[in-house]
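As written, the chains take the letters A, B and C, and residue 1 is the first residue of each chain.
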Amino acid sequence: MKSSEAADFTEPLDKPNEQTLQIIWQEKGEPRTLTFLRRNGIADGTIRKQIVPRPGVQPYLHNYYHDRVYFRHDPERGILLNPYGQRLMRVSEDFLVAILGSLEDEVGQNGAREIMYKCGYQWGLHDMRRFLPRMRAEFEAELERMRVDFLMEEWWWPLTIQGWGTWRYDFRQRDKGLLYIELYESAVAKSIGDIGAVVCYFYAGLFASVFSTLAKRALGCVEMQCYATGEEFCRFVVSDYDRVNAAAFWRNEGATARDIMKKLAQM
Amino acid sequence: MINTWLTEIIHTANERLFNDEELARMLSYYSSVPTRLKLVEELERQEPSLTRALHKELQRRYPQRTLYTRRLAQDLVESLRYVARAVLADDLRLLRYRWIDHMRAALAACDVDPQWIADAYAVLRELLQRQLTRSVWEVLDPAWSELDDSLTRGLVAATR
Amino acid sequence: MPESASPFRLKGNYFAEPYHFRTDVTTGVCRTPTGVRICTLPPDFLLGLRDALIYECGKSYRTVLKAAGRRWGSQWIKRLDREWTAYYQQPFRELPAGLIRVCLADAFAAHGYGKLDYTRAEESPEFWSAEIGDSLFPALVGESDRPVDLLMSGLLAAIFSYLHGLTMDCLQTECPSMGAERSRFLIGPAPRIAELEAWWEANTPLPSHEQVLQQAAATPHAPTNGQTHTHQEHHLPHSQPPLEVVS
């Protein structure tokens, strides 16, 4: 996916219009992305209405939930691939600290936060563009009838194996338009340490774009509490912009995550 | 890091039965495991005395070669751990990726004659000859030959 | 065999251990044996970062990305120095230069950055030519009119600065996104690289790596080195027309 194919350049990076989000759902599957996973001679190429379990050898390897199967390393060329044929790059904590530090130096703290959020947002859009067609191809079924939590876990878990932490999402208030996410072992926050301010902007942008794509409408995400503010884990809220902005405001005023959640429920 | 043949079989088999080929490979491996384990234990046991003996012998035979420091002798003896691991897994790729490729590149980069390292390994082999039984040498031989070949067939593409 | 002040050592590829990068899937944390946390960056993240930087910083995104690479590199090489010093049981910087190069190549390959190689420039020993085969960023970005391997550029500058104990900078001279086979870099003392970069940018078409090396050899530098000038003159940016490169 070349970055030059990103959405219309006049569009703000973190507020795509609904058309863009719809387009992501219609991306055709790229069979090449599943080359490593396909068992030849078993898949018949049809996409069914919903996932049909079948006994015996699966047309695609689904169980790649392990370092040894997920990461494919070619030591001669110095290349690391994931099962979808994408190149990966391993970095230590220094990288995330350096990115944050140099962004702050170059464009100031607010600019740095903007950039990180937008980076996360674009990351999510690029990711979703590949993820949805891949799900369609890998499970040979249309996306509409797939359970949301199944899609969510399938989407998130490569991030787990890549060392970005684990999560829990809470959709109980989705009727009110509020989604809560808990993030454990945030790569960003744990690298930076306790600095008294939230830092997981990459994740916030990522969650915003992923849920925007799933909901097919533009949503925002804000971090309510963070490991870097002294908490045990990070908490995010995904919702429409007024609520997300309000949450950000309350957080800056010093409200705890619980207070914010209470106030949002009353909004 | 690459996966060994055993890991590959287990992961690709997954939802199906092992086929005859895979079964044969695994069975022949399992029958040789006791000997392989014996090799690993023996090498571990010998390591401390081998370092001293190797350094002494190299200084005696090649007194003009300043390459053979005590530290290098220790490095070469410690390399037997990687040989042992490759033998235990019965996968020479482990030895290649951990040791051989790096060694060839380092020798080329530092302009060291690979024959000198081959000579050092030859001395090491002599020292080990007396300690290891014939059945143990049989499992060790493929890895040792791989090591020897990589040093004596010369350096291909000195850049890495 | 050449006499070397640094005795030869051989300890194998530090990273080629079966569980050098081990992820605990219950916590989503990947660590090396020394406890350092490792994160694997997906290409979507890198493209997102590039998009966001271009959007927010415009043309100066290149400076930002290179500065980030440099900052990262200075921490990374310090960490590697500590680990390798413990591994070799002697200061890493005292190892033979060739071995240091092989170790760095191992590090690049293990982390998925591509195949690193570098040599000292024959005619100008204060410069180094480096190249990375199968470098990640050009492979992701595709076509571009300028070199895109900025993180690596900054990384190499930081690594060389640390190892040589002076402020060095790096200029990417060739890039797969511009049609070259691999990413090539020139690394040298920061002021000289700044001059060369200005000269390089002012030329159309952009000079090749060899041409930059020739220019580096031709231009006058610190009075302690008595190099003779060739017929190629050194043009300073902004004051004189771009140099007609003689190949």
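Note that in this section a contact is a pair of C-beta atoms (placed from the backbone, for glycine too) under 8 Å apart; a residue touches a chain by one contact, two chains touch by 3 or more.
Just so we're clear, the structure is a prediction, and the values are computed from it rather than from any experiment.
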Legend entry - Interface with more contacting C-beta pairs, comparing A-B to A-C: A-C
Legend entry - Central subunit by CA centre of mass proxy: C
Inset, instruction - Can you check how far apart chain A and chain C are, centre to centre, with Cα atoms defining each centre and the answer in Å? - result: 31
Inset, instruction - Would you kindly tell me how far, in whole Å, the mean C-alpha position of chain B lies from that of chain A? - result: 44
Legend entry - chain B, residues touching no fewer than two other chains: 1, 97, 101
Inset, instruction - Give me the residues of chain A that touch two or more other chains. - result: 66, 73, 75
Legend entry - In chain C, residues with contacts to at least two other chains: 13, 16, 19, 21, 105
Inset, instruction - Give every residue of chain C touching chain A within the complex, in rising order. - result: 13, 16, 19, 21-23, 25-30, 36-53, 55-57, 60, 63-64, 67-72, 75-76, 79, 105, 108-116, 133-134, 136, 139-143
Inset, instruction - Mind listing the chain C positions that touch chain B in their complex? - result: 1-4, 7-13, 15-21, 89-90, 96-99, 101-102, 105-106, 117
Legend entry - Interface residues, chain A side, partner chain B - complex: 56-58, 61, 63, 66, 68-69, 73, 75
Legend entry - Complex contact set, residues of chain A against chain C: 1-4, 6, 13, 65-67, 71, 73, 75-80, 82, 86-99, 101-103, 105-107, 111, 114-116, 118-127, 130, 158-166, 184-185, 187, 190-191, 202, 205
Inset, instruction - Flag every residue of chain B that touches chain C in the complex, lowest number first. - result: 1, 66-67, 69, 71-72, 75-76, 78-79, 82, 94, 97-99, 101-103, 105-106, 108-113, 116-117, 159-160
